């Protein structure tokens, strides 16, 4: 599909838009919402990439938590500067993911899902029981906040939410660049084929297992980085923040956006954040019905909009074209081509 | 695919602008003779902790209604009334921080009630900076260990404050029972309870046996009860456990032949009766306020269940466990406003911090609440002023009904 | 030396012997036909050779090297490639992308390279791969359909593509699992031409499981007949055609 | 020594609870290859029915299972016709997520209608008897009898009836079954009704020893999955064996290792899966 040239600049414009956003939406409340949105986008991209190789990782929040604990402990116990602890917070979840993958990725989808649930329990149990290191149920408080003093700059993360926003934005942009580059490459084609035609893929010399390992490890690496931003941001981390169902809302976002493209993951996550924002403006009497509304959205999207918002917008465009007489034909074989063989 | 993105971005921009518009409108209030003060409540209205959150929302709302119908507050020629705005956090850290931020920054709330542990802890410094008075019910004692000028107060007597009196009373009332063991959830709540009981047992001269923790969501308590009975305790404490768990524990203890004392927290005998039946709960100790006429229960809380149903409409038509408790706690804040004759959080805070100040604790006739009592100072030292101590009952269940054993009033 | 040799290859599923003491050998440039009634163990044998199943006992030798129990992707890298009865192509991808995915291993682009290659490098590399893929499509005469979604192609074309996909891996030994099933006469001719071209140009050894007796008799140089997991006959098409045991196995002994 | 005896008695009744929960789950997971995250809510609806009939209306206990079976079966049929059948060609993950959404809807609906406080249901039997130094609570007796009865009935149904044969054929291969001229759509409904009845009875029995609340089923769901996966997807003997293994591991773990000992159980299941990826009684 050829696009007009100006449309290829939309992502760039969007990134610039996000960079200047704090200039006119600088209330801590909105920065807080945007920050959480960016962290969720990082997690959603990970969920999408693991999904693309055929699995649901229900333990995504626990890898996020692992990143949080890593950064907090490295800063508080080993006195690492934040900027050294930050990448480590990605590496450790990735290593745990690789070890877990040795068992889990050899299983079928449902078993993998179950094993990630078990892994989630296992690591939370570690957080809760190893009180000396992880602080048990009370967690770690207060997590020190980073401060940059260089080149005449003094950026104190403790006094403003804006530096966190930019840190999260840069991390999210890097994450998205990595994934978009990945999924637009030939390797991306390979990933999309995993889970559907695995035997055939193996038969062309590709180690499907290695590719799955990479997908899982990379998603957990970025989840860890997101966690590393969350820990000093919220200043208190406890095991209960990284429960199973936090992951479900991420999966829900990916689904609503459209599970057949990484862009859908981003759009769905933004949609969910917008929905939550709308919910806060509704009267408190409706609050009980909100989980129900989410449940209905989930079921209806799965039943009637399997391609999510992204697919819907395509369908709407097709419909408009039909109405205006410019019909777009579904992809089909050209009879003449077939005869020519 | 990219076209989808394009139209989506336009939509997003529209939503952003709309959100800005809405907030812009809501912040424009004009000074007049009639002023409405917004009381913000961040609490779990959905999910597993919803029974408590709904109780809190109803309790605070009904207390505000009573404040208004009692004439509100008139300062100079301005008449102030209260309005409650409740937000749901589903007991999730991210949602709680969002809600508290929204109330503080966008809605300009100056008086707040918070529930969620991590959110309350993380935002306590912000609330102090913004001079927003916050009453919280977080069970985690680190909420008290804030700087002395912190604007966050705990209006819930964590078991840390009650334990000494509770255990001392048991020791006095049941002199033959000498050992105590805790059976509680393995979460923040349970761990805090366990630590408090251990200290109080030493003070009361009871033998403290190894505690048993269970996972939240347990439905078969036999293994845990087997474990705790193996230590042969005279008293088993299940304080802080959810109502359903206490009922099942009572049933299981009875089934395994436990003859000692089963003491628990704010749990109604009526609820226990439905779950466990009469025999297992006979003689249990609770900290509940029996909502039956007579005794020392104030008439203010007796009518709460009916009012709650009327207030919430049919969809909410259930009286939850501890509305009376939240009602009384909210009453402390509103009484402080009345006593300070001000709706300025700094002035109200000064009143609360004033040594020897006593506030009305609505649930009990002539009940009082105070901050920085000798009891809370003994536990929290210099920060004791951020912990409330109020009148509270110890009940004994007789014939399936709560009967007040004693009322403990802070000194 | 034989290209591939199996020695006393045996596979037992809980109590059931699927393949018993199978000795088989195929040479470079030879087309070996593998025939037998349904459930005779042909596909199991294929799975054993291509690494999809580990054998219970016995050995597989490839160019004299013991490759028993190797994983399919390792075998594919060594030059042993198979096609499948079902799920023959990447349904969701275009015809061209199908071949490009198949060329992926040969082009050796890993995750980190994908991340760090510049757009220019990617463009150049993509160009090379694309060219290779088009060349392969040309062999099968599928160039016109390069941009069609593979799942939309008729069955015959998908079968053709699956052979091309296998070809993209540069096989020295090609295992074809019922390649002719579901094809019409014309398509069969095309596919046979393709297979013979591969054999003649590259000297690839080919093992073909096939039910179409005419194809097997006309085009295979050597035929092995199995039944109940055991080899019951082997030889040239002429020898097999007159073998009493084969006729019994197919028609049943009365 | 006395304690070990008590632990074994505890383990027996715990195992039966797990087994009751897992049999219906394994039936659905084995045939449709889909995790039904709303199964816990099926059980919960069974509990709600018991509450309404026994605690609210004061009708005899025997009415409860039958009413519960009818109500839960209706819900099961709605699930089949509304979610699983339309999504039958969409892999396992998407229907699983749809059941997750439905579970949220059902939980919220019950929370709104009945509130979040535990709803008490009287026990079918009460009291206890002493075996040596161990106590056996009588309220567990119906669980054990009911559990064994349900499993026997299910086993007979699947093994001895024509419909059971059809279900087994469906479990082996849906396409082949369709080729044999079976009416797949109606057999699928039968499977749902059977699984729903199992859930309903589990709900009745569970609520009699515990209490009814919106989340009463979801607490057991993970354990149910654990039993199903350990036993082997779709295997009824597997659910039996898996339930006993998990019940004993849990009971001993909780008594001797304390809370979160279910992690010990999970580690055990991981080991089982490494050795036998198809589960204890599953077929490859």
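All chains are identified by letter, namely A, B, C and D, in their written order; residue positions are counted from 1 within each chain.
The rule is simple: a contact is a pair of C-beta atoms (placed from the backbone, for glycine too) under 8 Å apart; a residue touches a chain by one contact, two chains touch by 3 or more.
In this text, all values refer to a predicted model and were calculated from it rather than measured experimentally.
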{"item": "Chain B reached from chain A - shortest hop count over touching chains", "value": "1"}
{"item": "Chain of greatest Cα-centre distance to chain B", "value": "C"}
{"item": "Core chain by centroid distance, with centroids computed from Cα atoms only", "value": "A"}
{"item": "Mean-CA-position distance for chain D and chain B (Å)", "value": "36"}
{"item": "Cα-centroid distance, chain A relative to chain C, in whole angstrom", "value": "40"}
{"item": "Between chain D and chain A, distance of the C-alpha-averaged centres to the nearest whole Å", "value": "33"}
{"item": "Gap in Å, rounded to a whole number, between the CA centres of chain D and chain C", "value": "46"}
{"item": "Shared-contact residues (touching 2 or more other chains) in chain C", "value": "none"}
{"item": "Interface hub residues of chain A, defined as touching at least two other chains", "value": "128, 288, 291"}
{"item": "Contacts with 2+ other chains: residues of chain B", "value": "46, 50, 186, 315"}
{"item": "Chain A residues within the chain B interface of the complex", "value": "1, 3, 7-8, 10-11, 14, 25, 27-29, 32-33, 36, 128, 136-139, 141, 234-238, 240-241, 246, 261, 263, 267, 270, 274, 276-277, 280-281, 284-285, 287-288, 290-291, 309-310, 313-314, 317"}
{"item": "Residues of chain B defined as touching chain A within the complex", "value": "1-9, 12, 15-16, 19-20, 22, 45-47, 50, 57, 85-88, 90, 92-95, 97-99, 101-102, 104-106, 117-118, 121-122, 126, 140, 142, 186-188, 190-191, 312-313, 315-316"}
{"item": "In the complex with chain D, residue positions of chain A that touch it", "value": "51, 56, 103, 106-107, 109-111, 113-115, 117-118, 121-122, 125, 128-129, 248, 251-252, 255, 288-289, 291-292, 294-299, 302-303, 306"}
{"item": "For the chain A and chain C complex, residues of the former touching the latter", "value": "178, 181-182, 185-190, 192-193, 196-197, 199-208, 214, 218, 331-334, 337-338, 340-341"}
{"item": "Footprint of chain B on chain D - complex, ascending", "value": "3, 6-7, 10, 13-14, 17, 55, 108, 111-112, 114-120, 122-123, 126, 128, 130, 135, 137-139, 206, 209-211, 213, 215-216, 219-220, 250-251, 254-256, 258-260, 262"}
